[in-house]
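All chains are identified by letter, namely A, B, C and D, in their written order; residue positions are counted from 1 within each chain.
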Amino acid sequence: MVDIAQLVTNALVLSALYALVAIGFTMIFGIADILNMAHGAAIVTGGFAAFYMVDALGMSIWVGVLAALVVPAIFSILVYRVFVKPIEDDQIIVIITTILILLMTEHFFRQIEGTRSQVLPLLASGSTDLGVVTVQNNRILLFVFAWISIIAVFLFVNRTWIGRGIESLSMSPRGAALVGVDRNISTMTTFGVAGALAGMAGLFFGVSQGVSWDMGLDPLLIAFAIVILGGMGSIKGSVIGAHIVGSLETVTVTMIDSRLTGVVALGVMLLIIVARPHGLYGRPGETE
Amino acid sequence: MTVNASETGTEASTHSTGEIALEVDSLVKQFGGLTAVEDLSFEVYNQEILGFIGPNGAGKSTTFNCIFGTYKPTSGAVTFNDEDVTGLAPYRMVRKGMARTFQTFRPLPDRDVVSNVSLSMASNKLFTLSGLFGGTQEEAIEVCRRVGLGDDLYKTPDELPHAGMIRLELARAIATDPELLLVDEPFAGLSDNEIESLSELFQDLREEGMTFIVVDHNMRGLLDLIDRAIVINFGSLIAEGLPSEITQDETVQEAYLGGEEI
Amino acid sequence: MSDQMSLLGHLRRKLTITGLVGTPIRYYVAVLFFIGLAVAPSTGQMDVLNMLTWTASFYFIMWVISWDFVVGYTGQVSFGHTLFFAAGGYTTAILNIDHSVDPAIGIVAGTIVAALAGLLYAIPALRLEGHYLALFTLLPPLILLRLFRMFRDTTGGSRGLPNPEPLIEAGSFSANAEANYYLSLVLLILIFAIAWVITRSDTGKIFTAIRESEDAVESAGLNPAKYKLFAMVFSAMLGGFAGAVFVHTPSGSASPSQLLELAVIIEILIASIVGGFGTITGGVLGGFLVYWGRDWLRNADQTIPVIDVPMADIDILLFYGALLVLLYVLAEGILPWWYRQVDRVLTRVRGEEPSAVADGGQTWLKRQIGSLQTRYDENREENTGRFEDRRKK
Amino acid sequence: MSTDSSERMTEGAETILSASDLSVSYGKVTALKDVDITVQKGEIVSLIGPNGAGKTTFADTSMGFLDYEGSITYRGEEVADQRQSNLVSEGLIYCTEDRDLFPFMTVEENLQMGAFRSRGSYEESLDFVYDLFPRLEERKTQEAHTMSGGEQQMLAIGRALMGDPEMLIIDEPTLGLAPVIVQDISEAFDQIVEEGVTILLTEQNVIFALDHADKIYLLENGSIVKSGVAEEMQGDDYIRETYLGG
């Protein structure tokens, strides 16, 4: 019984982190029709931004959190403005370019920091007894912050004008232009928000598993799985997808083999792409 | 107008051999809960030019796509030259002697007109050395001349005017050497002269033994060309007969001509 | 039968003096290039290490050809060709190391496994397109890499397997290198020739037609699915075969960094695009450029001024940076760009109207955009069609 | 109706949209060639002509969707020099032939989006639209993609009106609609005209255009072949023969 509670807790925390990565990825896809592989680089950037704040500048982890939001947001906006915008009509070149940016970012940090994993301090110490299970306060905070971010994005998209503009662009670019949505500003905002979410995830992964040059690729791949599962461009879908993938992952890693991280998720995704390309919550009409 | 139409009517009886080329029997096509084509039956005789008329969204394209195999019919049968061809893939239909044009053109923008047409002459064999050294070019050029693209042989499709694109669509279809040609809205956007010359081409090809189904939502130009017409609306047949009868038909006028400029 | 007759007749015609004069210059350039590569080792200018690097570059180019063969022509996007290379290479290496299977048999087995992997891609590729296909093809190599790490005992994990037995041996190390150099060169010429002939025949024209409009192909009486399947599986076989031979040469081994990592496919993609997408010949050009560019950076002894870092230390970063720049500058492709320049010069000299070049004077990028636009329009039309259908209610 | 229109025309002599020597091409095909069109404030101008004549191209160009040669200005400012979002804020609203609705938003959400840049009162506009098309109010919680073609057309026009238009460009509002619905749209159109909105209407349906417009331009193969006041054009032999079936 306790085991199951533990499993559920783990799954919930992991799923929330995955959702952070997936939401940004799916938003960029929805609004700009771009598979942004550099999203993985934003995760790495977030992790290291926090690490340098704490390690090199001796700041508190909370300044690190701020850095992990701001730096990757700026990084993502720059990636869009400098590299993606000039070629955004060409899907294949965009994918190649963003993969190159991911590889360059990885190797940049590898060059400076080497291949070992850097440690970030915990957000909080101690643990809390939640009745059936005892959870580290650190993990509770991760979970809470992840969900605050997710809800904030929901509210942003549904309740603010600029968010509505983003939503409308993802449904009909021409329709959005007709009602006066500025595509450029909306796309940059989306990249910024996506970058901040990914950076946040980078920090959280860093807190729980350490910061390293290759920490971006795995969450990015799992975000693929989630986004395919939830339907590209759908935020709600990716939150649900994140919970499916996160639970699946927790179960396989705990019960079968810890080396299976990612494999099951990716395998499931392969099946879904073949069986239902638009995902479980996808909107038809993209390709058919 | 009426006189003219009845003339074409008599012409039909002289041209058509009376043998059935294509028979559509109780065709039904549903998309999800929507019925786009409802229990539609008709036949086309050899060497006939059949007009297939109906307002936008009446189900003409869907019927076309069901005949040609782009869609699998929900139920019903399509018989071509006494052979059941219901739901065969389009390329098989072509191999059996059917061809079609697209209303929204499907050119190959990367190559010139002749190469567009010569694709229809390529064999469906994987391992072939043909085409390495020219080959089908001459035949393709012949077809291009036939449809009036003689001066545009080496232009790319994006250099062709609207009427040229229609001719290119036709050339590609004719190059497959079809017995039955399905033509989708050939007259849309054409001037009267262009309509006339295209109609003459259809007549000539018919003389040589080709059978036509011509779809259009606009009757302009069409009534002078066709031998017989079928009118559908909301996926069902509402009238059938000589062009003169069609224009007189009250159901047609009510359901269709009402808002149209005729 | 008639195919062969016309081929013979054509060759006979070509082999007359007028025929030779009439052949485009680029054919002679290509022949001279390969002859140059063939005589290079005997000039004494090439040391053994150099020879090994050249050998490795030949395989890299074979992979570029295999990628261009399917993606450049039929337009089925693949980010996962490394799966084929690894299928070929790892199959034969494992068979040889664990079961002492003869390399020749292992290579055949590797090629077959790669063909099966090709089927794995080809079947979904019939239904998927664009982003979905790109994502789909991106995944299997990444999954395979994880599996390799899991089954470290058999696959060597992220370091790869030790060298299996060589396919050919010639005694001394330098004689070995030379023998493998020639073997690889012959294979390169063979694969190049096969890919060239297929893409220039009617089959190639159908491939490119599929890229432009499947509807058009189908209404010409041709089965697009058959051609797409063939292109993918054949490409997989070419790539898998090259990968399998590669691991049996002194230049290569079955390791993720050489066969499977994301970086490998990116280099191949960029080589193909930079050289000229959908041309095969351009891929050869781009392949040499990218491969030797990386090699030069790795061995560069210059130091970067301002930041005072030796180039060789950050060679990978510089290499990716350079690729990024290449991608922007040469997205059109060197070969198409060159043809356009030649055409422009000739036009000026002769005072003629510019002739339509192979790609109609448009850059690859623009065409790509064009075809996406067409697809978008088609979708839109279908959607409005669907809306129209709803009128019925 | 005709007295109305003459009043409107004298009232505003101010030019609101003006194209001169306007040419647009797609690749090598010229879609518009040296077109001159002027729309005065308060006028109802109609562009008529067959399929592929360049009507939609003109509408798209006015809204800044296409590159062009020559000049086209909205309220004296070159369209190419302005952001599209700016044009919308300035009251230039375009209702396209494809409607370009937000398929997965409800009717009301679509209307809300229509007011994205509007300076006018949201409630007033919404009331006006619901008055105009009561059917939209009945279905306000329905997603746009589930509606019929005619209802979508109403929604598209409604959404355009939510933007508080100074000038409205409507592309083929009656295309593919059943006669009954064309009647509805036609009535709504008259009410919009009464609001004093300047309108550029492109139509294949010449009868509809002649019924509603003050001024007509006939476009064929990308060039203007004829132009004039609606009454004159109605009597024109060429138009009668070609477009009204004699």
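Everything that follows uses one rule, which is that a residue touches a chain if its C-beta (ideal position, glycine included) is under 8 Å from a C-beta of that chain, and two chains touch if they have at least 3 such contacts.
As the structure is a computational prediction, the values presented were derived from the model and not from experiment.
Distance from per-chain Cα centroids to the pooled protein Cα centroid is smallest for C. Set side by side, B-C and A-D show the greater C-beta contact count at B-C.
Relative to the C-alpha centre of chain A, the farthest chain centre belongs to B. Rounded to a whole number, the gap between the C-alpha centres of chain B and chain C is 42 angstrom. Chain A and chain D have Cα centroids lying 43 Å from one another. Rounded to whole angstrom units, the spacing between the C-alpha centres of chain C and chain D is 51.
Note: centroid distance chain B to chain D, computed from Cα atoms, is 34 Å.
Counting partners per residue, chain B has 56-57, 156 as the residues that reach two or more other chains. For chain A, the set of residues touching two or more other chains reads 285. For chain D, residues that reach two or more other chains under the stated contact definition are 98, 149, 176, 178. In the complex of the two chains, the chain C residues touching chain B come out as 3-4, 6-7, 10, 197, 200-206, 208-209, 211-213, 215-224, 226-227, 230, 356, 359-360, 367, 370-371, 374, 377-378, 381, 385-386, 388-393.
Interface residues of chain B facing chain C in the complex, by the touch rule stated above, are 31, 34-36, 56-57, 59, 61-62, 68, 89-91, 94-95, 99-100, 102, 104, 106-112, 115-116, 118-120, 122-124, 126-133, 135-136, 154, 156, 172-173, 175-176, 234-235.
Interface residues of chain D facing chain A in the complex, by the touch rule stated above, are 63, 65, 83-85, 87-89, 93-96, 98, 100-105, 112-117, 159-160, 163.
Residues 77, 79, 124, 127-132, 134-136, 138-140, 142-143, 146-147, 149-150, 262-263, 266, 269-270, 273, 313-314, 316-317, 320-321, 323-324, 327-328, 331, 365, 368-369, 372, 375, 379, 382-383 of chain C touch chain A in their complex. Residue ranges of chain A in contact with chain C, taken from their complex: 29, 33, 35, 83, 86-87, 89-93, 95-97, 99-101, 103-104, 107-108, 111, 217, 221, 224, 228, 232, 257, 259-263, 266-267, 269-270, 273-274, 277, 285-288.
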